[in-house]
Amino acid sequence: MEILRQRDTGPTTRELELYFGPQHLGMVGNFSITLNVKGDRIVSAEANPGYLHRGFEKLMEERNWIQNFPLVCRVNVIEPGSMEMVYSMAVEDLAGIEVPERGEYIRCIYLELSRVASHLFGLWAYSKMLGFETVGGWAMYHRDLILDLFEELTGGRVYNIYIWPGGVRRDLPEGFIGRVKRTLHEIGGKVPDYNKTFFENRVFHERARGIGVVGKDEAKEMGGTGQVLRAAGQEYDIRKVDPYGVYDEVDWEVHTREEGDAYSRIMVIRDEMIESVHMVFKLLKDIPDGPAYNKVPNPFKWRIPEGETYVRLESSRGELGLYLLSDGGQRPYRAHFRTPSYPHGLTVLEKALDGESISDTGNIMISLYVTAPEIDR
Amino acid sequence: MSKVGEEITAHFPEINTHRIDEKRVEVNTDKGYLLSLLNFLKDGGYDHLGLISCVDRMEDGVLQLVYVLSRYAQDESVPGPDPTLVVKIPLSREEPTIVSSMGVFINAEPYERELYEMFGIDFTGHPRLDPLFLERDYDIPPLRKDFDTRRYVTEEFETIPPVED
Amino acid sequence: MDRRQLVKWLKEPLKMSNKYSLHVVYFCTGCGIIEIPPSITARWDAERFGVKPVATPRQANLFLITGYVSLKTLKPIIRTYEQMPEPKYTVALGSCPIDGGMYWDSYNTINHLDKYIPIDGYIAGCMPRPEAIFTGITHLWTLIDEGKADGYERYRERYQEYRSNQERLYGQLEWPPLYTGRDDDV
Amino acid sequence: MVAMKVAGLVFSPIIAVLTGLLLTGASRKMVARVEWRYGPPLLQPFIDMVKLFFQRAPSHGEVFDYGLVISLSGSIVLLLFLPIGHLCPLGGGGGLLVIIYLMLIPPLGIATSGGEGANPYISIGVSRKLMLGLGYEVTLILVLLSVMSEYNTISILKVVQAQSESGWSLFSWPLVIPGIAYLLIMPAILGVKPFDVASAPQEISSGSHAEYGGKYLAFVTVGGGLSEFIGVALFVNLFLGGPSLPGAFTLPAGALGVFLGVILFLVKVAFVFSLNVMVSALFPRLRVEGAVKYLWGWPALIGLIGTIVVWAL
Amino acid sequence: MLEAVLIVAFGGALLTYLVGRWSAKGRDYFALALWVVILGMTSYLHPGKPRVSTFYPGFLGNDLQLRVTSLSWLFAIIVASISVLVIIYSFRYIKGHEKSNLYYLLLLLVNGGMLGVTLSGDFLSFYVFWEIASWSTFLLISFNQGRALAAGLRYVVMSVIGSGAMLFGMLSLYSSFGTLDLADLSEHLAGAGGEYVLFIFLLFLVSFGIKNAIIPFHTWLPPAHSEAPAPFSAVLSGVLIKMGTYGMLLIFYLVAGAKIFLGLGTGIWSFHSILSGLAAVTIVLPSFVAILQNDAKRMLAWSTVGQAGYIVLGISFGTRLAVAGGIFHFLNHALFKSLLFMSIGAVERKTSTRDLNDLGGLVKRTPVLFIATLVGVAGLIGVPLTNGFFSKWMIYKTLILDGNPLLAFAALIGTWGTILYSYKLIHNVFFGQLPEKYRKVTRSSFSTYAPMVILAVAIIFFGIFPGFVLGEVSHVTTTLGFPPLDVELWGLSSDTGMVNTLNLLAAFVIVAAVVWFVFKSGAESPKVAQDDSYTAGAPVPEGKFTYTADFYGPLERVISPYLKDRIDIFYGGLIDFTEFLSDTVRRMYTGYVGTYVAYILALLAVVLLVQLGWSPW
C-alpha cells in the first residue's frame, strides 16, 4: 500500500549561483556577494571582498608619519574624517602630543558633521536599494551642503585631511559657525519631509520590517558594533564607553531600538543623525577660545619613540580601531585598522542574508552599512 | 581601575600581564594557552573580539599574533572605562601554525583568513581557509617584512609592455 | 536646440546620439565612485546631458572606471568592457588608472590601465570633482565629434596584444578570446 | 469610412509610439523635478533610441530576435484594436476579449526572447512579471467584466460610444467602483513603482532586459512605452469616455473633430499617466509577495464588489 | 460500413499483435496502415443525416445498434486522427521495448473502444465499448510497472466506481422505460419527472465526471497521466478523457435534450448552474496546482484537468455559443495536449528525465521540438491566431453577455494560471543554460517529430481558419437543438458578436513584417555563446546558472496558505478514501484483472436483485 502513498514528486532543487556585485546596480562600493539561491530565497551567501584591496598596511610601512595622512583618509571614502581622527589619536598617543581644548571641540564638530554626511550618503544608498531615488536625491543634495562646508574649511570636498596630530590643520574661518548653523537649519527643516515621504512610508515599513534580523546576542557573538548593536537594543557607543575628544563634556544620548531588523537599523541611523545635529549646535555654543592646534615637529625628520597602541572611536558605522606600532623610526612599523564593516560585511552579512529573499540583498547590506573599501583596505 | 590583569595572573600563573596605560592591558602568552585564555576572558566579560592582527618581527624570527579584546557591557564593579586587552602570542616565522579561535569568537573567521593570506599563518580547524582579498599567489605573503612591494611592482607590472604609446 | 545643432543632427545622427545618450556602466571600481552619486543627483544632475547609470554592460556605452584598479577588479572590468556593445567609450577617473597615483607601489593595484583595455579619456585628480567629471564628459563629446574616441576599434585591432597583457597578469582567462569564431550552438 | 480606417491603420501606431516615448521622457522629467533635479530633455528617449538602434548589441540566437519582434508586433496589433480618439481601425473585431488576450503577447514575446538569453536574472524578471500579471489581472478582469456587463457588450467601441451619450463611466454609478479599482492597480499595469518588481535594477539588474542592448533595448523600450500607453489608454477609453467631452459639449464632426478627438484623448492619457508618475516618484519598490498581496487585497475586493453590484443591478 | 469500422479496429488490433510476433517493423506499419484506413472510413461516414445500423439484434429485447450523428462523427474523427498520429509517434518511442506487442494491442484496443463508444447507438453497446477502453487503459497506464502500477490502480478504482454508477443508471433507465436505445430514451425521458431525471443525471455525471476528471473526481488523473507511456498519455489526455465529455453531451443534450437539462431547477440552484460552478472550480484550482508541479508530465496532467473544466463549463452553461465553444475546445485540447505530451515524451526519451529542475537549454539542441512545444503552449494559453483562442473566446463571450461574469472571471483567471505554468514548462525545459550533460542531445527522429509538426500546423491552421471546424461544430449544435452559428471561414460574423481572424492575421503579418524589417535595418548583431552572459563581472559558473527551482516561489508563498492546506487536506482525504477503497478491493481480490470484472458483475447482480425485489424506482 505504501506505493499508493506517493503523492506529487517532492521538490527537487538545482543550485543557482547569483553574483550580487561587483558590477551591479544594487551594489554600493566594489564588493561582491555570491548568493546561493533556491527560487528567490537565499540558501547561503558568501561575501567576496578584496576588489578594493590596495595593501594600505603595507604602503603605510613605506611612508613616513605625515605622508600617511593622504593614505589613511582613503581607507574609507565615505567618511574620511574618522579615519584621520583615529590615526591622529594613535600618533598622538605614541608621540605624546597634547591637543588644545578648542582643537578637540573643532574635531568633534568636524566629526559629527562628517557623521551626518556619511549617514546622508547611507540614506541615499539605502533608498536607492528600495528603488526610492527621490529621497536619495534629497539626501545626496543635503550631503553636498555639508561637503561645501568642508570645502570652505579645507579646500577638499571629500578628502579633507583636516584633523592633524595636535589638533586640526587650521582654525575655523570667520563666519563659519554661522554658516554651519544655517546649513544645519536647512537640513533640519526638511526632516518632516523625510519623515513623511520615507520614514513613515508604509511601503518602506513593509520592505524593512522583519528583514535581516540580527539579535542582540547574535550581534555580540559576531563582533557587531554601531547600529547593528544599537538596533538590537545594546547601548554601545565608543563615544560613551571609551570617550575621546569632548564627547564626555556635552550632553547627548545613545539611541537604541529593540527589533534588530533593517527597519530599526535605519531608524537608529535617522535618530543618530538628528542627535548629531543637536550635538553640533551644543558644541558650537560651548566652543572655547584659544589655539586650535599644537605644533608638530618637522615632518621630514619626525621620529616617534618605540611603542604600540590600540585606539578606537565611533565612526558612523561602528567601532573603528587602529593598532599602530612604532619601532622608533620615521615610519610606522605596523598599522592594522579594525574597521566596523569588517565583521559586519564578512560575518554578520552572511548570517543576516540566510533565508532572505534576493530582493532584500541590497536592502540588508546597506542597512548593515557595509562599506567595501574599509573591509578591503 | 580594572583588575582584569590580576584576575588573569591569578587564573593562569604562567601568563604575565602588564598595564601599558589606563586604557590598555598587555597580556603575553604562548599559543598553548590561546583557547583557554580566550574562553576565560569571554566568560569574564571580555566578549568583544575587536581585532586579530599580526606583527612580523623579522629580526626576532617571530610572527606576533595580537588579539584585541574589549567589553560590550561596562564593568559595574569598577569605575571608569574598562581597559582594552591586547593579547600577544609569538609564533615561529618558519612554520606559523596556531589553533583557530573560531570556536570562541565567530568573527575571528575573516581575520584568520586574512592573516592566512597576508602572513601565511596556518590556523588549524578553520573551515574555509581560502583566499579572501588577493587574486594572485604571492611567493612571500605580502605583509611580511621581507616582501618588497616596490620591487614586486617594478618586476611584475612595469615589465608589461604598453600596447600603444 | 539651436539651428546649428539641428543641422548636425541631420548630418550625423549617429555621433550626435552617441554624444547625448551616454549610458554608464554602474561599476564602483574605486574611490572615485563617491563623486558619482552627487553628479547624478540634485546638485549636478548628469541626466541633463543624457548621462545615466544603467544596470548591465549590455545596455551601456560609457564605462567610467572610477579610480584605482586592483588585480581582482581588473578581471571584471575586462569582462564588463567586452560585454558592452559597440560603439563604447571608456573614461578613467582619477590619477590612479593613469599611472598608479598614490598607490604606485602597491602590490595589488595595476598602474597603467591602458595596458589592458583601451582608454578614451582620463580625468585627473584625486578625486575629480563633479565639475571635473562634467568637463571630462564634454571633452569626450569633442572626441566623439572628431572621431578620436575610437578605443573599441583599437581594442579590436590590437586585441592580441591586449589579451596577451591580460594573460600575463592572470594566466589563462576563463573566457575564450573575442572576435574569433565561436561554437554557435551553445 | 475607408479613409478613417486607413488613417487609423497608419496613424494610430505612429501616434502611440511617439506618445509612448514622449510620456517616458515626460515621466523622467517629472520624476527628476520631484527629486529636485533639472531632468533630461523631453526628447531624451528619442536620442536614446537613435543611439541604441545603431549599436552592435550581441544576439543570443534566433529565438532571442524573433521573440522581441513578436512582442513589439503584438503591442502594435493591440493598438489597432484600441480606440485612440476616433481612430480605431480594427475596433469591431472581437472587442475587449481580444484586447485582454493581445495584452498577453508582448510579455510572452519578451519572456520567450529572454529565455534564450540564458541568464537567471532574465528568468527571475520574467517570473516576477508573470506573477505580478497574475496579481493585477484579477482586478483588471473584474473591472473589464463589470464594464462589459454594464454596457452589455464586449465591444470597446460601443463602450466609448455609450459614454459619449450617457457620461463618463468614472463618474456614473455603479461603474465608479470598478473605476476606482482600476486606478488602484494602474501602477502595476504600467509597471512603475511601487510595482516595478519585474525590472528592479537594484535587485535583479533590470530583469528581463538584462541581456538586451542596442536595438534589442530600443525595441523593448518602445514596447515598454507602448504598454504604458495601452494601460492608460484602456482606462481612458473605459472610464473617461475616450475622446468625448464631459457633459453636453460635443466635438465638431468631420476631420477637425477627429483631430480634436485624438488630441483630447492624448491629453487625458497624459493626465492619467502623470498621476501614476507621481505615485511612482513617491514610493519605494514593493517585494513581489507584497505586490501580489496588495493587488489581491483592496483593489480585488473593490473590483469584486463592483462586479457584483453591476451584476445585481 | 459502421460495423466494418469496428471490425477493422478490433480485428486489426488482434492481427497487429500476431504480426508483431513475427516482425516489429511490420507490426508498426500494419498498425499505421490499419488506422489510416479507419481514419479514411470514419471520414467517409460523415453524416448528412444520422445513420443507424443494428449489429446484434435482440439482446435483452433490445437491438444493439451503431449510429453515427454529427456529434459522434466529430468525436470519432478526432479519435481516429489522434490515434494515427500516436501510432506514428510510438514507432520510435516504444521501439525495443520487450512488451511492445502488448503495448500495440492495448493501444489499438483503447482506440477501437473509443471509436465504439462514439459510434454506439444504445447504452448497452456504449457500456461494452466503454469497458473495453477502460480496462485496456488500466493496463496501459500500468505498463511501466512500479509507480505506474499504483497510478493504474488508482485509476481502476475510480473507473470501477464510474462504471458502477453508469450501470446503475442504465439499469434504472431500462427498468423504467424498457429500452436502452438512445433515440427511444430521449422520447421517454421527455415525459419523466424532474427528480427522476436529476437522479439519472447524477449517476451519469459521476461516471462521466470521473472520466472527464471534474473536481472532485479528478484524483486518478495526475498520476495516471504522468506515469503512462508518453504516447498513451497523449491519447489519454487528448481523447480518452473526452469520452466523458461525449457522454455528457449525449446524456444531457441528445438523450434528455437541452430543454430538460437547462430546465432542471431554477436560478443559480439549477443543475446546470451548479455544474458550471463545479467546472469553474475545475478550471481554477488545477491551474494553480499545476504551477506548483516539478514533474513536466504531472504539470500537463493537472493542466488537462483544468482544460477539461473549460469544456465542461461550456457544455453545462448551455447557451448556443457556450456549447459550441465547449465542443470546439475539446477538439483544440485534443490537438495541443497530445502535442505537448508527445514533446515532453520526446524530451524524456532524449534526456531520460522529465524533472523540470534538471532540464534546460534544449532550444539550442532541439529547435523543432521547441517550436512545436511553443505552438502547443500558445494554443493552450489561447494566444490569438492559435485554435485555443477562439474556443475560449466563445466561452467567455457567452459567459459575459448571457449571464455570469463571475464564471467568466474564473475562466479568465484560469487562463492566467495556464500562462504561468506553461511558461514554467517551456522555460525549464528549453531555456536557460544548456547543461554539460545535454550537450550531446541529438535531434529527434522523423517519426517522433512528424506527428508533432502535423499537430502544430493544425493548431495554427484552425486558429487562423476556425470556420473550418466551426462549421462542423455548428452542425453538431444544431442537432443538439440550438440554432445554427453564423460561421465564416475566418470566424464568426456579427449576430453573435463578430470576431474575425482575418483582421488579426493580416494585421499581425503586416506589422510583424514591418517590425522585422526595421529590426533588421538596425546595426548587425554578432552572435555570442551562452557563457557570454551578464554575471556582474564574474565568469558564468558551470551548471549553476539556471533559474528553475521554485520558479514562482513568492507566489507559492502567497497562495499556499489559501490553497495548499485546504486542498491538501481535501485531496489527502480523497486519496485516503481511494486508498481505503482500493485496499478493500485488493483484499477481496488479489489484483487480477478478471476479479475486477467479477466485482462489477457482482455489483450488477446486487443492483438487479435490489431492483427486482424492491423496485425503488
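Going in written order, the chains are labelled A, B, C, D and E, and every chain counts its residues from 1.
FYI, a contact is a pair of C-beta atoms (placed from the backbone, for glycine too) under 8 Å apart; a residue touches a chain by one contact, two chains touch by 3 or more.
Because the structure is a prediction, the values reported are computed rather than measured.
Student: Count how many hops through touching chains it takes, at the least, to reach subunit E starting from subunit B.
Tutor: Step count on the best path from subunit B to subunit E: 2.
Student: Of the chains shown, whose Cα centre falls closest to the middle of all protein Cα atoms?
Tutor: Centroid comparison flags D as closest.
Student: Between what two chains do the most C-beta pairs come into contact?
Tutor: Maximum number of inter-chain contact pairs occurs for D-E.
Student: Measuring between mean CA coordinates, which chain is farthest from subunit B?
Tutor: Centroid comparison gives E as the farthest chain from subunit B.
Student: Please compute the C-alpha centroid of subunit A, do the same for subunit E, then give the distance between them in whole Å.
Tutor: Result: the chain centres lie 64 Å from each other.
Student: For subunit A and subunit D, what's the span in angstrom between their mean Cα positions?
Tutor: Each chain reduced to its C-alpha mean, subunit A and subunit D end up 43 Å apart.
Student: Find the geometric centre of each of subunit A and subunit B from their Cα atoms only, then give the gap between the two centres in Å, rounded to an integer.
Tutor: Averaging C-alpha atoms per chain gives centres 23 Å apart.
Student: Starting from the mean Cα coordinates of subunit B and subunit C, work out the distance between those two points in Å.
Tutor: The answer is 40 Å.
Student: Find every residue in subunit B that makes contact with two or more other chains and list them.
Tutor: If we look for residues of subunit B contacting two or more partner chains, we find 133-135, 142, 147, 149-150.
Student: Tell me, which residues of subunit A touch at least two other chains?
Tutor: In subunit A, the residues touching two or more other chains are 16, 22-25, 27, 40, 50, 53, 55, 58-59, 62, 133, 136-138, 141, 357, 376.
Student: Please list all residues of subunit E that touch 2 or more other chains.
Tutor: Correct list: 364, 434, 527-528, 530, 532, 534-538, 545-548, 551, 554.
Student: What are the touching chain pairs in this one?
Tutor: A-B, A-C, A-D, A-E, B-C, C-D, C-E, D-E
Student: Quick one: which bits of subunit C touch subunit A in the complex? Just the residue numbers, please.
Tutor: These residues of subunit C touch subunit A: 25-31, 33-35, 37-38, 41-43, 53-55, 57, 68, 70, 72-73, 76, 80, 102-103, 105-109, 126-127, 129.
Student: Which of the residues in subunit A end up touching subunit C in this complex?
Tutor: 22-25, 27-30, 50-55, 58-59, 62, 70-71, 74, 77-78, 121, 124, 133, 136-138, 140-141, 143-144, 147, 157-159, 372-373, 376
Student: Along subunit E, where are the residues that touch subunit A in the complex?
Tutor: It comes out as residues 146-147, 149-150, 153-154, 222, 292-295, 298, 355, 357-358, 535-538, 541, 543-551, 553-554, 556, 575, 578-579, 582-583.
Student: Which part of subunit C faces subunit E closely enough to touch in the complex?
Tutor: These residues of subunit C touch subunit E: 27, 56-58, 75-77, 79-80, 83, 174-176, 182-186.
Student: Quick check: in the complex, which residue numbers of subunit B touch subunit A?
Tutor: Listed in rising order, the residues of subunit B that touch subunit A are 20, 23-24, 47-51, 53-56, 66, 68, 70, 72, 74, 81-82, 84, 86, 105-107, 109-111, 131-135, 142-143, 147, 149-150.
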